[in-house]
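In the two complexes that follow, subunit A is the common piece, with subunit B as its partner first and subunit C second.
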Partner chain A sequence: MSAATKGSGTTWVGRAIRRLEDPALVTGRGRFTADLPAAHWVRFVRSPVAAGTIKKIKPPDGAFVVTAAELAGVKPIKPMLYKFNYRPIGQPILADGVVRFTGECIAAAIAASEEEAEDIADAVEVEIDETAPLIDARDAASSAALHPEAPDNVIVNAQVKTPEFDTAWRNAHRIVRLEARSRRQNATPMEPRAAHAAYDPATGRITLTCTTQMPHLTRTAIADLLDMPESDLRVIAPDVGGGFGQKMSLPPEYVLIAWLAREHRSSFAWTEDRRENLIASYHSRDQYIALDGAFDADGKLIALSADVLANIGAYSCFPTTCGVEPLMAMAEIPGPYDVRHYACTARGVATNTCPMAPYRGVSRPVITFALERLMDKAAVELGINPIDIRRRNLIDQFPYTSAMGLVFDEATYKETLELAVKHVDVPAFRARQQALRKQGRYLGLGFCTFSERTGYGSPAFAARGMAITPGWEMVELTMDPSGFVELRIGTSPHGQGLRTTLAQIVADQLGIEPQRIKVIHGDTDRSPYGWGTFASRSLVISGGATLIAAQKLRAKIIKLATHMLEAAPEDIVLGDSAATVAGTDRSIAIAALARDAYHQTHRFKGEIEPGMTEAGHYDPPGTFSNACHVAMVEVDIETGQVKVEKFIAAEDCGRIINPMIADGQVHGGIAQGIGNAILEEILYDENGTILSSTLADFLPPTAHEIPPIELHHLETHTTATNLQAKGLGEGGAIGSPAAVMNAINDALSPFGVAIDEMPATPQRIRAALRARQQTETAA
Partner chain B sequence: MSEKTPITLKINGRDHKIAVEPRRTLADAIREDCGQTGTHIGCEHGVCGACTVIVNGEPVRSCLMFAAQADGKAIRTVEGLAKGNELHPMQRAFMDHHGLQCGFCTPGFLMLAVGVLEREPQISDDDLLDVLSSNLCRCTGYQNIIKAVRAAAAEMRGAS
Partner chain C sequence: MKPAPFVRHTPRTLDEALAILAEVAPQDGRVLAGGQSLVPIMAFRMARPAHLVDINEVAGLDKLIVENGMLIVGARVRHGAFHKPVEPGPLGALLASVVHNIAHYPIRMRGTMCGSLAHADPSSEWCLTAATLDAELVARRKGGERIIPARDFFEGLMSTALKEDELLAEARYMLLPAGTKFGFNEFSRRAGDFAMSAALATYRIVDGRIADARVGVGGAEASPRRIPEAEAALNGQMPGDAAFRAAAEAASAAIDPLEDIQTTGEYRRDLVRAVVRRALEASVK
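This part shows the complex of A and B:
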């Protein structure tokens, strides 16, 4: 265990203590959804084609198969947005006459084992009249409508333009254009989706155990769709094997599993296989972004214009709606730069592809890639080096209000850039780069500076106009008569170590060890309502609520101690599991005070309420983390293969609660971003068939593709949150694709080719080099 | 459904007499017929390695092996790594170095690393990286898995 973070002035916060989650997980005692036994197993019959009309569904004789015909009373998933020309579209739980993407659920086959259910599913005869599918977002206008509500297939269409934009634009010294494309990804948590629902004959309640980031919202959504009281549905998210956003949208499969349990009064389970996950769980990042940057002669970005075209897939995900990607792009494209004039059009169009949902970073990996490529391109055109152009444009006065009206709290955009530059040793790299080019080896160095909006509460979400406006978090904190503590939280972590970090926060307030604190989450019967884990929010918001509850409980412990020790409250010190009168040896165990709070209340003569439970809620305005990412790559120009040699990140996420956990979050995000930049791509052919339906085709990085990652931290203790902490769950994934892409382009600069499409696969790099060669030969 | 065959799976020294269809994978048999759910299934096509167990001293992907092929062989799973309350050095190292986040891939990495290090205690860092690149983790970016396995390797060498 390392020493406390410098200046934290606390015992547990700031320390790299081992995680409380780990003992169960390293011994095989974790409990994941698929570990539960069930009376019935479900296998979905999925559409083999991207578009068409269902002519026939014929199950084998006597088989237990459910189709849309049985689901008459079940509503479609239809999330709502009241702004940005959103057109609400519904997703039936099972395809109702029409299929709109390859992998869409058509029927559910049910049997006593998974194998038998698969046999039945294979034997279901399905006849579909195929129609021409719409796959590429650019073809939306010229294609038939997927949904009658949107004849042009445009589901969301937002525009913004700041008042003086046109004047600023006209006065620019130079306009630099960058056309970026991000191909489609799948978040690929290692645990695929799974759901298990059981009916309790005594109460008539359903318990749905499922791998989700949002148990409470899952309960709300399913209760609404099945028209049942929320109190009759208990949702449990047990150990969840990664999510990264893919598990924060409501899958129609989960609705069906709950419906089956209620309808047939038994237990039903479904575990998807990897192919289902890759073709039919949520996708992300399929976007075209065109940026035009208007610069002055000194390389200062004066005005920025953006056109965002997001392929949202066949349906709109609950609860965020499919506006989540294009609207996030519109709000945050200007990034960490001081640009006063901004115009943007952001559209989300429906296509015959798997629906989109948030994935770690939500659009920001794509917009950061586009913007950072623009900055590098402008640097070349204006004859400035890439570091200087960033120095000239990064914001450094706080609070800073962006052209979009976002308020940036104090941060270290320039300082993290300088810190990263210092650790890179740019002159040494450039010398090595020059020397190796003579041997036919091409190294590249890429920078990315970015902001990560984190921990934002309901006012920020309200700006999006969602029918459901998330933001706050609630917690309940109880010390029981034995002196042990239970913290019940509304959010629902899935690997982020929140049980540990929240316990550290409570431990400091109550003067006890984190090991005495159990954090309860992911069970709607046990925890207060909450939104779940997404948007780098849980530590900041649930942690903020935890701090508030812990401060209240601390006050109560001190009050009890003043009675028992006959001392003034300001003289009581909590620590080492005891309340002590400062400067004396008069002390009482906190566990003894807890006992008294329940069993000896008569002694307090009505001055102290019985019990030891306090609640906290928190709804902060939001805060921006920031970082500078640097990638060093080598591109093999013969094969087009990219090797990332080294990665450096200088980041600032405010006060760090547990440095070990913080580093782990950044490592993981960077690895996903490297996959985004060079490896991972969901590929459809022109018929809408997915060509990347195994992990041998869709390629998350292995230990080989991830270089050593060097991390440097700055800690700006923000005043925007009560913990002085900022979120950091997504930053790793936001900055790294851009850094890698800039490095690849730097490596390829002697050839005069640009790669502005992610992932930069060997094929794309070779194609660009070949095209350039042919042009030169022809000339 | 085809006929079931009786087999014995010796998991962590204990015999499980079960009857399985020929198509039953070892992973499914360990989890469902023997109730040892610490072994996880991530892809069922032999790429991710979450289901790695040790069979007769070799790390294998239990999703690519039929249960019937493991009849009578010595199978070790994550549940058998600790001796009572004493964790295996690999388990401790994963905790000490934050080699896990969601924990879903962890049993597979533990069994892979233990299996390889028992067979080849002096394995080089480069070869170890090769071995570890045969399993997928989506949370950690591998930095701390590599650190943990190297630390445990040193400890295991010291102990033997």
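This part shows the complex of A and C:
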């Protein structure tokens, strides 16, 4: 791509330019959903109990309150999966006689202000006949059914076993078992959910402004549920204050806001508060994973057996369905290791808890934690060091087809491991670790090697059997008569810096500065249909489509220049906002060519179409980026507190478009992963009451808890994508929990205790140490 | 997360404030100072005072002086006032070392010491300080005043001896004798979080041995208090690891620990053992 600006001396791709979206955001001029005025504000009355039958809903006299009774014509949210014994279950927009989790919407109270709406909601009398709730996924079979469609509460149930598995298993030198438990989390975006819908009396259209990662699919889904033409609904995602997956599922609240605007021909708004977000926005990662690894005497993993039990909450999220966690776990548990024989059972069970949805990395932070703990445990049992066992098992021949049939493109699993090892200085760490143990201080070192499947298109999604199969992205690129450029994209960035990185890609193709390129997204009236930002896909797929469109527009600019400069196309060079005949001073401003393309088309004698708009679409097979994460921790043995002292990540995401943005993605992911490993936990009591409903109880890490992070990049340009880039949006969050957990276990190794439950809270660490001490005392 | 409706009163004098409080107290009237505890629980509608008597403009309540050997802290004095020592002796240094553990900077610039004392969160650093140093708490009501010793002031979780029409107008601390050693330590999940256990210790050295030991523990029981068993383990001993460990062990055994779904009594005792020893170690650093 550097050829694109030959002659200008400048390429934009690869440079850490400042983010074009930031000036507005950091000066308080961002535009968020909650900034919009509305005639009516909505407050939801939410179920105070986890399970029961609604006996009475009595609003205060004269109040504007909506219940399920008014929503007869609105369909429930019912995503579909055609594989893996999936049982379709529906989620009503407002609870229809039955409540299935604490925080479920029962009614909507409406008033002229948020304060008054909350007063009304407070005064709505609700009577519920409580029934015994099902909270823990392990109790699914012995509990009453949440949904008649699934008497055993199993909503998805998948099995796989490779043909020679049993033989390989019998020949194993040693079987190592690891039982991992990941507690429930909330993605906790800075901006909670919010929606605003307005009715336009002139056109009869509804404009729904909402904080979402997928505006187009939101439009499709709501139009389907409300039985209206999509063209009558415009969905806008303005500035979105973080999503992390929590905003890629369709919330029933948004459906209701759109319905209210349509039904009452006015404007309605709802802004979720933090408590609602913690109890009733989507949760994730509530899983049990048991792994049995069959190793040979050299520490080579020859067969792997997995049992995945995912708590999917009360309903199935749209569009991915609740299969997203268990099925991703099944597909990707073997990770970056060469293991030929694999068996897995993956179940997703419904419980009386908040529904599960994707959260950065989806299942991979959990499966990577389980697998990487297994590798460390096997290393100890086989007397190998944790680095060597990874060296012996990481794949190094490409393309590599996994036991599950996934094709791994070329990556640098071993190279990133060695790069990280080099920067850790393991012998020095071990010496310090030994010395400090004598002072009662316990340091730990933890490694994690992993792959991150990114940028996968529709064929990869099709393997899941979803009724809705995402994958491709489309863009439209227009240079206007002033020579400025508008790029309209179907995907929907919300913090990833795509307005900057896509502009860098276009700038190199067209020979203009990125500041002349505006990226338009998040408005179904203004951008082509697209899937949105999730699954580490937008830069690769939307960026790939952008490259294609930009190459077409570049060709057109060159064609215009050949006419105006009377030169051969191969002699035209674009750069510094001009088209120049190579080796001469004959040159024309690109802006002048743009004006000609609109206003002087007669000159081109019909050989060049008017206007300067090109489209691009891209649907790649997918590519795996990879990294090695290393955590150094100190465990306070007396209190159980873990302090992460330092974090090193060596990663390879192919070509890096903007190094500052890439580093920011990795830093943020690692911070979330540290929270995952030691702090964050959504906790229910046995009655289904949620005990972590404020940020005093659910504990995301703060700057104090995040150590210095040292990043190293191997920038191996891939042939798997047209940008030679791979995604990296989730990797930080995928690898860091495992690295921290391995480091904690390394620190605790003198005590002979293991912590295989996340988060590794101080209470859990002390409990394990105390149990061990009591065992020793008894012995 | 919007509070239930309430009426806010903004008196300018203490008499006016006490008169309003007397009038609205029966209708769940509450005093508003920095609002760092009260306002969040109102936002959750866990507290629904019909009236707030906002004392932020009441003249004279910003008193922060030493008088007759006592430090007097008025009801409007913010935590941040203690960032630097408020008096040159050990008490000023002690308060400055404790204050940095209270939440985060913006909260310290709004919240008040007397507000924390009246709120009586068991994990409050100031409640622990008042209990350990036997502070005197001055309660004013319309036409009356009484002085409540700290040991009688804290009555349980978020519960004090203050009557509903009383305003905690001042906290008073005896200055500490020159040479008083002190140490503070607390444990929380994250920096700035509520302490899951905290300890404050003071003592003097007389003839090379510990005298007048005070060991207070907060966050571990319903209210912070001095732990006589730990103090007994220190008095007359040489300061050092053996005495500190003995005191920590005694405190750990003496408490009646708060428990919740995550935190067992055993774990709370672990924390008390750790924070008491670390507070004592800090006293000799």
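In the analysis below, the second predicted complex is superposed on the first by the 769 of 779 C-alpha atoms of A that agree within 3 Å, B and C clash if a C-alpha of one lies under 4 Å from a C-alpha of the other, contacts with A are read in each partner's own complex, and residues count from 1 in each chain.
Simple rule for what comes next: a contact is a pair of C-beta atoms (placed from the backbone, for glycine too) under 8 Å apart; a residue touches a chain by one contact, two chains touch by 3 or more.
Given the structure is predicted, the values throughout are model-derived calculations rather than measurements.
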Q. If subunit A is used to align the two complexes, do subunit B and subunit C fit next to each other or clash?
A. fit
Q. Between subunit B (first) and subunit C (second), which, if any, makes contact with A:670: first, second, both or neither?
A. first
**Q.** First, second, both or neither for A:179, with subunit B first and subunit C second
**A.** neither
Q. Is A:122 in contact with subunit B, with subunit C, with both, or with neither (first, second, both, neither)?
A. second
Q.
One more residue to check, A:694. First (subunit B), second (subunit C), both or neither?
A. both
Q) What is the contact status of A:480 with respect to subunit B (first) and subunit C (second): first, second, both, or neither? A) neither
Q. Given the touch rule stated above, what does A:770 touch, subunit B (first), subunit C (second), both, or neither?
A. second
Q. With the two structures laid over each other on chain A, which partner does A:273 touch: subunit B (first), subunit C (second), both, or neither?
A. both
(Q) Contact-wise, after the overlay, does A:704 reach subunit B, subunit C, both or neither (first, second, both, neither)? (A) both
Q: Return, as a multiple of 10 degrees, the angle whose vertex is the Cα centre of subunit A and whose sides reach the Cα centres of subunit B and subunit C.
A: 40
Q | More subunit A residues in contact - subunit B or subunit C | A | B
Q: In the overlay, answer first, second, both or neither for which of subunit B and subunit C A:571 touches.
A: neither
Q. Rounded to a whole Å, what is the shortest Cα gap between subunit B and subunit C in the overlaid structures?
A. 5
(Q) Shared contact residues on subunit A, subunit B side and subunit C side combined as an intersection? (A) 114-115, 119, 273-274, 694, 696, 702, 704
Q. Okay, in this complex, where on subunit C does subunit A touch?
A. 1-2, 4-5, 44-45, 187, 189-194, 261-264, 266-267, 270-271, 273-274
Q) Which residues, counting only subunit B, touch subunit A once they are in their complex? A) 1, 21, 23-24, 28, 31-32, 36-45, 47-48, 50, 77-79, 81-82, 87, 91, 94-96, 98, 100-107, 110, 129-130, 132-146
Q | Touch list for subunit A against partner subunit C, complex | A | 114-115, 118-119, 122, 273-275, 636, 638-641, 679, 683, 685, 691, 694, 696, 699, 701-702, 704-705, 761-763, 766-767, 770
Q) For the complex, which residues does subunit A have touching subunit B? A) 18-19, 21-32, 34-35, 37, 114-116, 119, 188-192, 239-242, 244, 271, 273-274, 494-497, 660-661, 663-664, 667-672, 694-696, 700, 702-704, 706, 708-709, 732
